[in-house]
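After this come two complexes, each holding subunit A, first together with subunit B and then together with subunit C.
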Partner chain A sequence: MENRVKLTFDKTVTRLAGYSYGEQIYLNQVKNKVDFNNKVYIEFPDQIVKAASSFVQGFFNEMINEHGLSSIGTKIEIVSDNPDLIESICTNLV
Partner chain B sequence: MFETKLLLVNNILDSTKIEFKNGFAHYQDSSRNFDHKTVKRIIEFVNTLYGNPSYCNETVMFKFTNEVLFRDKLVIIVFECICRDLLNSGHKVYLKMKVKSDICTEGYESSPLKYLCVGKKYNPDEFNAKFQSDLYRAHYRRIFDREAGKTDILSKTFDDLISFQKPFNIDPKYSEIVSEVIVELIGNSGEHANSDCLIDIDIAPDYKKYNEQGKFLGMNIAILNFSDRLLGDALRKKILYSEKLNFRDLMVKGAYSFHKEAFDREYMEEDFFNMAAFQHKISGRGNNSSTGGTGLTKLIRSLQEKSDADYCYMLSGYRGLIFYPNYLKYNQDDWLGFNNNNDFFNELPDYDNVICRSEVYIPGTAYNLNFTMKVGG
Partner chain C sequence: MEKISLLLSILALIISVAVAYYQNRKENERNKTNLWADYFNTIYKEHLIYKIPESRNYLQFVDNKLIGTEKLIFELNQIRKDSVFFRYNNNSYYVKLKTLLQNLEDYIVKTEEKAFEGGEQTDVMNRIELELDGIYDLISTAYVGAN
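And then the complex of A and B:
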């Protein structure tokens, strides 16, 4: 079975913001839900078109501290049909 | 709760004589410019009132004998805060003023101050309601709780702000940037200053320029939080006293060693840490995160690139930074020098153009971002 988690948000939300909110989403929906010893897939729902830097920083903080920035996109893959979202995540991580 | 009281208690100035006329504690001002100096005089008056128990139920009349020109929307909002504090303290408040409009201050029309003006519209309950929240045509006002960043409120606000801008034919890429700047600043208030945050946006459509074809609009964004923490406080504490600094933090510490030799009344330690707070990947967050400090200046820079004119600044305490576009350019290593050579480490900032002083102590942080931009169609 794929080591994958699909994030869920309120259906009215299309853009994500807030450092603590990002941390909460990671803690509640990702941490301990996937095995970071293997490749991880984190899927954002189609409704999400953008992530502000505060959300990105909070969401990825622990993952980067534990696995390194280079793990994002390699060992930890972000899945979304929305290229703008992927771009906003990448831009806000560097 | 939005702590307007902090503005008054942090500006205990000289007492002034309170004049009583027709049953009112009278403040009279003949200035034509309503700016930070005016606010300072008003605060002196209000604190004198507060300082005397026998004045505790007095009705206040603010009378401006000449047509006034507000310096900018932030000054209007600070005056609103003072009026709100008076009302919350049990005083009735009346205004008598005529206001001159220009592109920077058309926001007076949307200000709840008009509900305190002498006349048929006088309605202090409506003033309080509109101070807290307003969404009408080209005006957006909301006060966000300090906990907003912990829930999806900021995310929903991000979408709300984009919807708010839609009717004005603004380039969607621009409205995304504006919305992102605002939600990031709201988040900063809650996270770093542990305070509620007031956001106010005015859009003035249908501007024309005498020297350029096309349609323009003006946008003014004011963002204000009152807190016992100034913008650079957390970063200063981290850089100077923390033993766990990452590589970029250590570089700021190194820059501090250079800059501190030049600190004087024109360029102060506070200014250094205000500039440092806007550096890429620098954050007052104490967790030594490698993901912090990446948003703000790039966003402000993006806004300025898209607009034709600008007047953007921030204040915290008595000090402030002017977001002068020529100096908001990252060098190849992603540092901002705030000077002609864009060198943060070996050159002092161009403090005549970049650093400003406030007559009034702002407890917390205040931004005034003003843009004129071309619109489609």
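And then the complex of A and C:
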């Protein structure tokens, strides 16, 4: 089984913002749904063009606390058709 | 007579030790203050005087949508990253600044998604200006406190 979660958002949402919203998306769509002992792929849908740093920090907070900052990009891979989104996520984790 | 002379010598010694201690303490405080002011100058001068005003100029409404936000958002995040030093040295200031920076970034990112007409566009620009003022005020107040 591929250890991948494809995030889903309301069709009208193209931009993500807010620390607590990020936490909520992690809790509802990622936590306990993938096995962090193996490489995890987290896919952002094509409709998402931007994520504010607050959302990124809320979404990744628990993963960073449990698996370390260096796990993002190695054990946990962000998948998106938008390279700018991946870059902005990776540069705004802390 | 000798006793009085001895007493005066002791008193003079105590006073000179006290003065030296006081001057040393003052000097340390002054050095510390100069050091903090230097940190603020190094970290924020470019951002506040040049980069934020320049990046602010790229904001505009086209077809009722706010565009040109990338540079300002980049700057807000850069200030947050450059302020990490204060996370360990003045945490309450760091948390307040981070909150203001991310609140403005959130507002801009959410605003980009919607369409605004006429006066609403002015309201958006005014809100951004107001939040930028708050960021400038916080940094300036902290800097003045360091002086």
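Note that the second predicted complex is superposed on the first by the 93 of 94 C-alpha atoms of A that agree within 3 Å, B and C clash if a C-alpha of one lies under 4 Å from a C-alpha of the other, contacts with A are read in each partner's own complex, and residues count from 1 in each chain.
The rule we apply is simple: a residue touches a chain if its C-beta (ideal position, glycine included) is under 8 Å from a C-beta of that chain, and two chains touch if they have at least 3 such contacts.
Please read all numbers here as calculations on a predicted model, not as lab measurements.
Applying the stated contact rule after C-alpha superposition, one finds that A:Asn92 touches each of subunit B and subunit C.
Contacts of A:Val56 after superposition on the shared chain: subunit B is touched, whereas subunit C is not.
When the two structures are aligned on the shared chain, A:Phe36 is found in touch with neither subunit B nor subunit C. The partner that reaches more residues of subunit A, of the two candidates subunit B and subunit C, is B.
Applying the stated contact rule after C-alpha superposition, one finds that A:Arg15 touches each of subunit B and subunit C.
Once the two complexes are overlaid on chain A, the subunit A residues touched by subunit B in the first and by subunit C in the second are 12-19, 50, 52-54, 92, 94. Looking at the complex, you find that subunit C touches subunit A at residues 73, 77, 80, 84, 102, 105-106, 109-110, 112-113.
Residue ranges of subunit A in contact with subunit C, taken from their complex: 12-19, 50-54, 91-92, 94. If you check the complex, the residues on subunit A that touch subunit B are 9-10, 12-21, 24, 50, 52-58, 60-61, 64-65, 69, 92-94. Only residues 148-159, 162, 176, 179-180, 183-184, 187, 191, 287, 289-292, 294-295 of subunit B touch subunit A when the two sit together in their complex.
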